[in-house]
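Taking it in order: structure first as structure tokens, then the write-up.
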Amino acid sequence: MRKSNLMRPLKGIVPPMITPLLDRDTLDVEGLEKLIEHILGGGVHGLFILGTTGEAPSLSYDLRYELIKRTSKQVNGRVPLLVGVTDTSFSESIKLARFSAEQGADAAVLAPPYYFSQGQPELIEYIGHVTKELPLPLFLYNMPGCTKVHMDPETVMILSEYPRIIGLKDSSCDMMYFHKIRAMLKQNPEFAVLLGPEELLAESVLLGADGGVNGGANMFPSLYVALYNAAVKKDIDTVVELHKKVVQISMTIYSTGRYGSSVLKGIKCALGLMGVCNDFISEPFHRFRDPEREIIRKFLSEIKIDV
Amino acid sequence: MRKSNLMRPLKGIVPPMITPLLDRDTLDVEGLEKLIEHILGGGVHGLFILGTTGEAPSLSYDLRYELIKRTSKQVNGRVPLLVGVTDTSFSESIKLARFSAEQGADAAVLAPPYYFSQGQPELIEYIGHVTKELPLPLFLYNMPGCTKVHMDPETVMILSEYPRIIGLKDSSCDMMYFHKIRAMLKQNPEFAVLLGPEELLAESVLLGADGGVNGGANMFPSLYVALYNAAVKKDIDTVVELHKKVVQISMTIYSTGRYGSSVLKGIKCALGLMGVCNDFISEPFHRFRDPEREIIRKFLSEIKIDV
Amino acid sequence: MRKSNLMRPLKGIVPPMITPLLDRDTLDVEGLEKLIEHILGGGVHGLFILGTTGEAPSLSYDLRYELIKRTSKQVNGRVPLLVGVTDTSFSESIKLARFSAEQGADAAVLAPPYYFSQGQPELIEYIGHVTKELPLPLFLYNMPGCTKVHMDPETVMILSEYPRIIGLKDSSCDMMYFHKIRAMLKQNPEFAVLLGPEELLAESVLLGADGGVNGGANMFPSLYVALYNAAVKKDIDTVVELHKKVVQISMTIYSTGRYGSSVLKGIKCALGLMGVCNDFISEPFHRFRDPEREIIRKFLSEIKIDV
Amino acid sequence: MRKSNLMRPLKGIVPPMITPLLDRDTLDVEGLEKLIEHILGGGVHGLFILGTTGEAPSLSYDLRYELIKRTSKQVNGRVPLLVGVTDTSFSESIKLARFSAEQGADAAVLAPPYYFSQGQPELIEYIGHVTKELPLPLFLYNMPGCTKVHMDPETVMILSEYPRIIGLKDSSCDMMYFHKIRAMLKQNPEFAVLLGPEELLAESVLLGADGGVNGGANMFPSLYVALYNAAVKKDIDTVVELHKKVVQISMTIYSTGRYGSSVLKGIKCALGLMGVCNDFISEPFHRFRDPEREIIRKFLSEIKIDV
């Protein structure tokens, strides 16, 4: 196990990496290598695998283990590596976390179990049990759209006191929630708060977030890094200009399909068109077919990312 | 593989068996044997393992495989055995179904993948892909409270035409939906429609359901069988009388805790008190502690089940 | 004021009358008279005006007052007359109720104020204040789909103890809720429980409801009366046969448009085609245009109602 | 009718005024005068009466008319006066708007009818009909938490082309929605976009909103004006500092009760304690009682607003 290079709090852009696939059960190994270099080449501050954007719940366990192993090896400590260990089964989460630790990951990321809804006391007790067996520091992951369970601000406050819990990734898309959390945690500056939705990167960093876990950084890592840096420097004109690009990506590449899956499909399709990796998507989804593919191609040709 | 004894449509009471556990990763083997005999002794028409009541998503895969093997061996063809193979990973679902088929199960039961929400066309395509690789006939499982995805009546209609799909277990608690489905499927009498919520057993069977997948039948199998039989015979006075007992169970044993988990906790606690099996519950929940346990004990002593 | 002919509990079919309109601000006076006779001719047990089906919230106050006056005069005590007084303004509710009492109405029907959501204690306090000023006995009206506020079973229990509150009209479409309410109220047989959705009439009366407030009884009053009577007599074969007709109406006449408004549009369109009254609908909706009208015409010609 | 002093687009802080009451049906006339001067004294850019914060749906029509008359007279053209005319009845909305125009109001504000949910095409048709009869320019009001109907971005786009519709007040609390709307409307700079939730004032103005309709400006108008001005000037340090005060108000004064009504109760209680006006609240709510009142008093003494 390498010595962790995880800063407290973790700051900056930590892309939630998509998982390049050749088919349902086969990693696109070559694409994975290219993708990691593409992302790290953009100057990001960390890498997060096996999250929602990484399609983790859709992948077989064998494939998840292989991905952890290969990614850790290639990242090789250049940036902190975070691994999603969310699972409906406690035991499978712990197994994933142990393997991740052995392979050199720096932290685990955990959303609530997502089949059965829990009450907040049940959730707190569950996470308490997890942290006892976890060989890695933990980021909480608030993702109510997928898990049905919202981590109440009071729950985050209680859990932020646990020594092993070092931050929150919030993907609730709710800035009211963020402001409340940020105010409640003001006595705990080492606890990182990062937001998932990239459309909220500008404002959240201006108003106190530590960074973003932005799916678009799979395609254009330097754009999100530049926006983060501008926000940290309070360079509002640059923030506004780059924020508009981010919104443009959201309103084109992420808005092509009809369902919630359109973000994932758009990112993978764009990466395929950019020649980075295969655009195969695991069940219950499928890659964009030709008509949508042409739309994405057109968007890509029109978006100017030169940061 | 035994020859299947599955009737078309499947009719009657098919209890969703709880999974007896000694701890997080250990089956209560002795309790499992007693529970199976307890349930089958009540005259039920089938057995369904690894559903919601069976805590399937919370169990490690090793434990799920062991449960399939042991249950199939002990049931030994006395009633049809249905196995839940719902998973967020396509590959893990197929592996579970293949193992179940090898062990002699009669059918698989599948709810939509429950992390990512799907649009109805995505869901239809997904289930189409599953059926191609499935070695067992399939029951659809509508469980929007846990999966977030509702199987629209039109979706059920389309899927009911697939030869491998032989029925629906509906746990939406929505009788408006049931009546619509029942009317739409009138040309397809071999397609079974069974309801999950036992509070709706009486009315659904009176108005055309083929049976019930009722959690309470873990505790009192003969009660649900008697209610089913009375409804089939249109013996309304008996139906009303037994229905009241079912509602009483729901308003006592299932209403003790504060969260959605109270049904599961109540059933397991009651089975423990009845001496059938251990009441351990897997994460993210925990068994009832003493105060709730005493409440359940009191309820049990007051409920008269003598059918 | 006439002496009220209201039985305790109110039992049977109490149609929620649509409001016949010539245009946005003009009653269809002739149509109103024909409609009332049409409905009462079917043998119904009461009449409910200014409910959801009556488009009450969409009507100007002048029009509501005129409707109360004309309807009360024409019904003339032949059946109990219930008047919806739901409003977001306490004072307007009381004014409506006072006028209704003066005109000879037998009871008021009240759903929670529907702009601001209330907590259950706020709702209980509000209804307590209303009953103090109300010159009529009161039916609670649970209609969470329109009001956003669900009347919890515990709330209904508390309010059922108030002497002026004599029943509940439940339009939650939730039979789990009904069974719970029915069991909780078993010590209070004078408190009426009537269900709104006609698709649930059969099962609710079989299992203890006092009757139905069914929109379809605007068109086919005798069908719903016959179904109610069959259920009271436990004549299951007739119940099943008539229930199927009710579901058929729901799946045709109520399912023609794309939005929640399709039920109202379907009923008014059918009444127009049947020559009973004008089919004008107030804002924010509009009557069916020709294509939908032809579909409704075809359905009407195919449905055989001969009870 | 005065000549309107409404700028296009309307920019700045437009407080949604609470309605001072002595009891359920009586305006606090003296309090109203003090409140208007208190708010205008803070340098605000407009005044909005009879919105959600103004408890409009809870007030009798007589009281609403009186409020319009008195407020318009006292404001006397010093700032633009916007009047909420939202109603479930089309005719009552138009009557309110006509009276408002006669009294000298500058614009009407309209949310969707809030009893029946509409589909988006129904909503567009409805608003089209309203604008034809409306004697005032119109602001759309997106308030899905109270109306159940969300104005989709595409709906806003279509309606923004209507000459009489001059802006949107969005209270969805959804910054993803705001960014989408802002981008879609970039060709229409005269169309104002103002946000309701004050916790989002800082970021929305920094990223393109025209202003805020912030309830807290009833208490501390100059704070919100200062924050707005700092955001316009891109003075981030001041923005961050004042934003923290706004969040502090939200987490104290608005968070004292248990229900959605706590914001309204908190504002009225604070104004009462500040000696501005009576804190009576209309049904279905009630003013804070002593324990909550003491909490609010303590918060008020701790908050330093000196801008």
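Observations, loosely collected:
Going in written order, the chains are labelled A, B, C and D, and every chain counts its residues from 1.
One rule holds in what follows: a residue touches a chain if its C-beta (ideal position, glycine included) is under 8 Å from a C-beta of that chain, and two chains touch if they have at least 3 such contacts.
All figures in this text were calculated on a predicted structure; none of them were measured in a lab.
Fewest steps needed to get from subunit A to subunit D, stepping only to touching chains, is 1.
Among the other chains, D has the CA centre that is most remote from the centre of subunit B. Superposition angle, subunit B onto subunit C, using Cα atoms only: 180 degrees, a multiple of 5 between 0 and 180.
Centres computed as Cα averages put subunit A at a distance of 35 Å from subunit B.
Spacing of subunit B relative to subunit D, judged by their CA centroids, is 51 angstrom.
Multi-chain contact residues of subunit C (touching two or more other chains) are absent.
All chain pairs that count as touching, in label order, are A-B, A-D, B-C, C-D.
On subunit D, the positions that touch subunit A within their shared complex are 173-176, 179-180, 182-184, 197, 199-200, 202-203, 206-208, 234, 236-237, 239-240, 243-244, 247-248, 250-251. Interface residues of subunit B facing subunit A in the complex, by the touch rule stated above, are 24-25, 52, 57-61, 63, 88-92, 112-119, 122-123, 125-126, 129, 145-148, 258-261, 282-286.
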